[in-house]
Amino acid sequence: MSLLQVNLPGLHLKNPIMPASGCFGFGREYSQFYDLSKLGAVIMKVATGSERFGNPTPRVAETASGMLNAIGLQNPGVEKIIENEVTFLSQYDTSIIANVAGSTIEEYEYVARTFNNTKAVHALELNISCPNVKEGGIQFGTDPKMAAKVTEIVKKASNLPVYVKLSPNVTDIVAMAKAVESAGADGLSMINTLTGMQINLASKRPIIANKTGGLSGAAIKPIAIRMIYEVKQHVHIPIIGMGGISSAEDVLEFLLAGASAVAVGTANFSNPLICSDIIDELPTTLERYGFDAVEDAIGKAVMNE
Amino acid sequence: MISKQRMKIVSTNQIAKDTIEMVLKNSYISENAIPGQFIHILVEGHTLRRPISIADVDKDNETVTILFKKLGSGTEKLSESKAGDFLNVLGPSGNGFETSTEGLHTVLLIGGGIGVPPMYYLGKSLAKQNIHVISVLGFQSKDHVFYEEKFQQFSKTYVVTNDGSYGDKGFVTSVIPNVGEFDRYYSCGPLPMLKAITNELSEKEGFISLEERMGCGVGACFACVVPTNTEKGYKKICSDGPVFAAREVIL
Amino acid sequence: MSLLQVNLPGLHLKNPIMPASGCFGFGREYSQFYDLSKLGAVIMKVATGSERFGNPTPRVAETASGMLNAIGLQNPGVEKIIENEVTFLSQYDTSIIANVAGSTIEEYEYVARTFNNTKAVHALELNISCPNVKEGGIQFGTDPKMAAKVTEIVKKASNLPVYVKLSPNVTDIVAMAKAVESAGADGLSMINTLTGMQINLASKRPIIANKTGGLSGAAIKPIAIRMIYEVKQHVHIPIIGMGGISSAEDVLEFLLAGASAVAVGTANFSNPLICSDIIDELPTTLERYGFDAVEDAIGKAVMNE
Amino acid sequence: MISKQRMKIVSTNQIAKDTIEMVLKNSYISENAIPGQFIHILVEGHTLRRPISIADVDKDNETVTILFKKLGSGTEKLSESKAGDFLNVLGPSGNGFETSTEGLHTVLLIGGGIGVPPMYYLGKSLAKQNIHVISVLGFQSKDHVFYEEKFQQFSKTYVVTNDGSYGDKGFVTSVIPNVGEFDRYYSCGPLPMLKAITNELSEKEGFISLEERMGCGVGACFACVVPTNTEKGYKKICSDGPVFAAREVIL
């Protein structure tokens, strides 16, 4: 099945499919359903400097063809993740990507440096959709300068390749992509969730305790595709695409738009076997649309211009 | 172990106002389910699965019974399924009720509304082990009452309705003082009810089943956490629960 | 049915329901299905200075719980609209709102001034999701300064109340809302569509000939609700809410989030009678959730804070 | 006039590869439909309706027949509907074929693939008015061929397949020179086919039925415009069409 292989900075993937951060925990639960060695990579749940409890519940709500979540970065902290979770995942023949977050640049730096000391992690995914507490809570991911800054610092703190995960809640996604590329990002990961809200008619309050939540799932796919397509025309680093993927056809659509690999998030909740199923179906789907290999499909819609 | 299964609908009936009873056939789940566990059902056109408690199991016929209330679009859609259709489910999910019976004599079951179903399979199982069972069932009104006779088959059963249209008027808590002695209680129902019960019965050993909006339903997404008195500070309702020792969780 | 009544600048609406611009033409087609006098108002299809043909086809695509469109401002031009369409709509006992667009500030000004001379139009909805050809194609609606400028000019050119229709494709929707409020807007209309794309796997090109299209329908409702909720906390002018409405419950959700009236777009395509159906169901829905009148529900979720 | 209607599925059959024939009962649409019009069908879980041509009408039994190909998720889902189910449709939609027959002797029908269905009701109607009908039907391959015998009942019928697995090999255009004299042609099929035909038969009076992705299907949204030689410069396929004089539209 060499036709599924993709090579990205620091990642030699047997196939382009990985579960998205936050939607797969650290793999334990889904390892009951299939052998995680089947996966191209696993993107772990977010890691912060120390343990976080996260937001009050309810933390999720369902929307038309999607869902909202406001988990709030709950995680046991980078040290425990390395100790317990990376160790667990290392038994599988798959790449491990650590999702890195923080409330300050220093926290990002700390987490990145800590991961750097473990051989088992292959790449970092920089989650910049976090409020910067030192800058009045503006998200790192909505300001090109702050995004560039945190990318630069993390790059210095770590030898691992860094994929910066872009937030779609911006006017100009290309400007964000260019800013982090210039700051040294090895790749991009896009898109994170769109900020949304649902109101409970009976209680007259937002359903999610945090009020707003991140919108994910099939509903946002057209936005993800548009953003990847736009960014692909302007940057040279590879893109890990995500946002509403739930089938091998969806994967191909992301590849054509410019993604070199993809992550599957919300769809794990409807079907815990989704990544495995997609890996099984992908060869046939590629062939049906005339592709000999994943690498041939990457960015084809953009090159067609 | 949790598994993805197809369950064939053997029968589906409306047994009370907005309340559907479905009998589902599947050998794996009927074989492995214990009281208090749930199945996580995929409903067409919906992103998130719906958690529904296992209300009864018939191992001989390899069937599982569920009871659910039509609340929103998911349960409404589910209620439209017909006998012969298949459901896509994950299950058996979560951890069930503590059913070690050493030294146990009498238990009290307290079910509120759609919290009644998991009490049924639990009570039936305990009664089979010769535990004396008392049941207190609370419903909104007469139209919503279900399974009273079924509970009577193995327990002295008290029914209360909020509006008094059937049984005693009031909440389950108003009856508890009258039911006599018991060693342990089990409860499932709306959060305010569970809060009242765990407060009132804080001296008793109790197990309660909690509800929360879920994402994955398998313990991966951290949607369904509940604060606990344990070292970690929280547990996940979908995988550590839905059943907890009353003392361990902070409601 | 006085409980449905809403009073907004220039608009005394018998109910808060109106079809959204571009999804109802100029009403002729839907008048075959029900009496348009039933509607609170009609927001007409866009008007530009002169006739436009619009984009090549395909102009629409279906997405999960939504659709993409890139009609491209096709319309007969403001004069013909006044001559043929406003005249037609005037026979109905409903308010008429004209959706105004242009490629330059001057074109906006011209359209607004032209509508000003007709008594039959009750308000203008300023569609600022258009590229400004004189500023390198940046959309008026993604830059607070440009949005404020066009609002100011249009306010000067016309005595009609002006509702500025905000684009959701921005980092900071509150900044946009405040900018146009300061510039004199009488109200806001939100949200317009989110930019999206769908790729045809067989042709390996975007399905929509224009490549990108605007995403509308139920998929975007959580984003609309979030933006209205955020904006409502910071502006004092009323909001006409829209984005994925297809039921009386949806209408109530928008009211609670802070909308004073609503527009229904994409749902007209699934059900040509949708506005009429919603108007029929709204009283019962309001009552079920404890409201005596539409006006009591406006912004209730925000005030609950 | 177009109207929102419920149509009951009387029968549904797969009559060729991926091709479904459905008979739908509804008095309003069967009463008012003319050849070339379509119905606009709501499919559960889909935002946009699906336009499908009216392939036949039985006024006595108040039924309308449609034929459609399973192409994507909408038609796939539609194919799962069963006899007894109801469809939510708008119709009859659009303008049908010019069927004034003054001075008309022989007509040629040219249908390609899923463009064949509207030709059937048209041909049948014209033949009833004693017009001499010739039919050329093109399909991908043998497996896709349908309604040949039905067309033979009122017309001399030529079938071609792209791969030659049935009838002549090639495209409909390769047969047209052999069919003899005719006064007018009618055609429906894929755009490349219509382009070739209108070019080749540019001297003849012709009417063609066009397809385009639709939003509203009633003429309100401007999704389905086609450039024309008329003063306005465009027409809407859903309401001015789908049938146009071949000379008036710019393909």
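Think of it as A, B, C and D in the order they're written, each chain with its own count starting at 1.
We adopt the following convention: contacts are C-beta pairs under 8 Å (C-beta built on N, C-alpha and C of every residue); 3 or more make two chains touch, one makes a residue touch a chain.
Being a predicted model, the structure only gives us computed values, none of them experimental.
Centre-to-centre spacing of chain B and chain C amounts to 46 Å, using the average Cα coordinate of each chain. Centroids of chain A and chain B (each the mean of its C-alpha atoms) stand 36 Å apart.
Each chain gets one centre point, the mean of its Cα atoms, and the points for chain A and chain C are 34 Å apart. In chain D, no residue reaches two or more other chains under the touch definition.
Chain A has residues 63, 65-66, 217-218 in contact with two or more other chains.
Viewed as a contact network, the protein chains form a single closed ring in which every chain touches exactly two others.
Contacting chain pairs in the structure are A-B, A-C, B-D, C-D. Touching chain B in their complex are the following residues of chain D: 44-45. On the chain A side of its complex with chain C, the touching residues are 63-66, 68, 142, 169-172, 194-199, 201-202, 204-206, 211-213, 215, 217-223, 225-226, 229, 244, 249, 252-253, 256-257, 289, 300-301, 304. Chain C makes touch with chain D in their complex at residues 22-25, 28-30, 32-33, 45, 53-54, 57-63, 65-67, 69, 71, 74, 207, 217-218, 266, 268-273.
Taken together, the chain D residues at the contact with chain C in this complex read 1-4, 42, 46-49, 74, 90, 212-227, 233-234, 239.
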